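Chain IDs A, B, C and D follow the sequence of writing; residue 1 opens each chain.
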């Protein structure tokens, strides 16, 4: 797969601005079980979400935390995406997993801790899949754009930039969402910019105002942690919203995104 | 003035949520001259702005920078506000200036460097004027709210909280605008929360997206550096927008603020 | 007192590098009582400390925290200094207190929250006493030096710069002590630079290694929170060391400071 | 090599506190050429340095920066180490390079951008070589220690922790050296803690005071960028000191390290 001829611009998954619709990627932090994912996918599909996210390989700060289901989780993700007509998104954490990941998921996600994992970025430059590049939690906008150049240099410019909060002294939120990055990165690159309010704030009650703020700042989409049953998740339970909450957020989005048209 | 009986809740200037309209405070960083301020005030009034801001006493990082016109500047501000029916806002930097300031301006502004100037906050707790309390550029939300308690403890709870960006490692913008603070402070205090996108970003081109984002995050208003002639200002020229730019920002605001009603 | 002719360079208290000895300022955060301060002063004097610090006017983040004894505390400080032949240091928090402070203490201390209180700095530029200028916890070295210029501009260049930690994402310590600031400020100004390891770290067990590190970095002195009975203090108990601990720190200092001679 | 039985505690390279001597690792940022490295190694050996560092695989923020000589560079490093009886240290940036690196170098270095590259850390847990784990430039002490647990969990507890500065708002230095981390990590782990003043400050003139400060804070060693000809290096020229400067630093070290015995 790595050596495939790059033909991204002809695929249905190619991302380039302007988007014709605001991208909404939603789903649980991790694939916990087949049933959980199927139920969540079914409901997301009903409220008009187009992209399902869930992690199978996790980057956990402690080696004793849950590390993910691996290939089994990828299979569940692919099945759920296929059954409910959702594109799938999952995190890639190692060069060794790229071929496997490419067999199962539509869009590969580079997490915040890997934004400067240059060997990984170089390898992702040689695949024919869109890559979501999350901003490193302590990286400047300049470094983030330079990281995207590692991917592009290999030939893959099917890149989506994702602002997910930066590390500051403020500890009420997990990180500080830097929405200024949205218009800045859009002015400096041709790539779409999406926002992850869930990881940025770490608090479910802030997802709604920060999603709306992201849209008003000109973001091209959002990635939101959402689950049919947030209280029974293996990670990130505190920042995950319900399907109903997501629905109420999405209802008001068109009024905001229209101001940019 | 300091010893006046506090009757804030009966005055026309009392601020408490919910606002019936989104508060727009605009004007130059400093009063540079009578003519400049009059021209700007006239134009702001025409586009529907209700509050005029301009500094007469400045907190400049270097002692060699322009320090403001002092009382002469306050007089120009009062004249311009009176002529064009604009409420006036100006920064208070010293306990010694409180009586003077209260004679000339409608709302006193505590700048970011004075958020923890407790003797000043205590003195402002004893006046009968609204106080805008800007967040210290390196202060947590908790400390900011505690600072408001110094004012309230004196009897004055006519307080407006103003998020204006925090200091982080990111240097593309002057500071990092922390819009998460808006819903957080609104959930923890009864005070309105406004946002200053001009000082937060330090870049005129970011004022529009960040004003819209602030409104979408639920802010009750904004304070924007705006001048009839930004290129000829004595300070903050780079972050000041024109009257026309402000007008184009304000036109789209109702679509956003309506989502919160 | 403010209008006194400035003759700092002729007074016994004038500070200019190089120092003939490493300056050790020690004492409790606040004057809690006459007895507490006398006991501490007596013991500090016995182990060779030359300067006694204690606060009478406090800058507390919450208005409900202990605010200090005021003039009564200054009197106790002066008495203890006089009885045990210790120079005295105390924090100035308001222009209105300058005359009073100058009657009681030898060296005025500007705390971290007032580093950019320019009206206060201007007023301190007109007195004939040494001023210790603490670095703002979120201020750059450049801003700190610019703040010193506000004092110097008034005619008082009897200034001691004090590094006391900066605000970062690290939360194991209260702040992050930036010892690089010591050689930098010494290269850019003529002023002595001292270090406050107590407020920087917020942890008594780190005072020893950080004091030694400060000396090795070329600091001209330290200011340390130390009390005869740390467990019964009204504030900062957790970061205050005992007289015995201070003695063990001081014993090893000459080996370090000698490397710079 | 990865599957070797772990017998670290019997090898001559096993690191555990207390050290009998202060560890000095020195050398250029990268292997630029065979001649450069040989000359530097010869001189370092003469002044008593025991460990030679130089990079062959680089993590550069921009894909257009010099990326290192690869295996050729490792060969030069091994040759120089062997000829001048210096242990060798070089950075590992990818799981795919581990076997190769283990053939050439004595100690593997995990750089700041890989501190949370957990697949890499897990793989390093299965080798029989010491690993230097640099602190992530935006990682808390807690996260840094948790990262070390990924290595230890695999069976390799031959770990050296290296403080190298954290990212803050201060921009006079490249990063802010957090020397408080030295006593903290020594109290929380059994591992030696060394300090890299070169990358932390980014300024050659600060290497001396910060090396001395590190030793006074109780560090077990330092890693310093040093070259026979700093002006003609391909990277980090500005922060690299000369052999003569290093010698003058080392001469004074025993006076400092003795205070801890």
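Basically, contacts are C-beta pairs under 8 Å (C-beta built on N, C-alpha and C of every residue); 3 or more make two chains touch, one makes a residue touch a chain.
No experiment lies behind these values; they were computed from the predicted model shown.
Visitor: Write down the chain pair in A-D, C-D or A-B that repeats the interface of B-C; the criterion is over half of the contact pairs matching by residue number.
Guide: Of the listed options, the interface copy of B-C is A-D.
Visitor: Using mean CA coordinates as chain centres, what's the gap between subunit C and subunit D in Å?
Guide: So the centre of subunit C lies 36 Å away from the centre of subunit D.
Visitor: I'd like to verify one number: the distance from the centre of subunit A to the centre of subunit C, where each centre is the average of its C-alpha atoms, in whole angstrom.
Guide: Those two chain centres are 49 Å apart.
Visitor: Quick check on subunit D: which residues sit in contact with 2+ other chains?
Guide: Residues 138, 167-169, 171 of subunit D touch two or more partner chains.
Visitor: So that we know how the chains sit together, what is the shape of their touch graph: line, ring, star, complete or other?
Guide: Looks like everything touches everything, fully connected.
Visitor: Where on subunit C is subunit D touching in the complex?
Guide: Those residues of subunit C that touch subunit D are 138, 140-142, 166, 168-173, 176-180, 182-184, 187, 200-201, 205-206, 209-210, 212-218, 252, 255-256, 258-259.
Visitor: Taking the complex as given, what residues does subunit B use to touch subunit D?
Guide: These residues of subunit B touch subunit D: 138, 167-169, 171.
Visitor: Considering the complex alone, what residue numbers of subunit D touch subunit A?
Guide: It comes out as residues 59-64, 93-96, 113-114, 116-119, 122, 136-138, 143, 146-147, 149-150, 153, 167.
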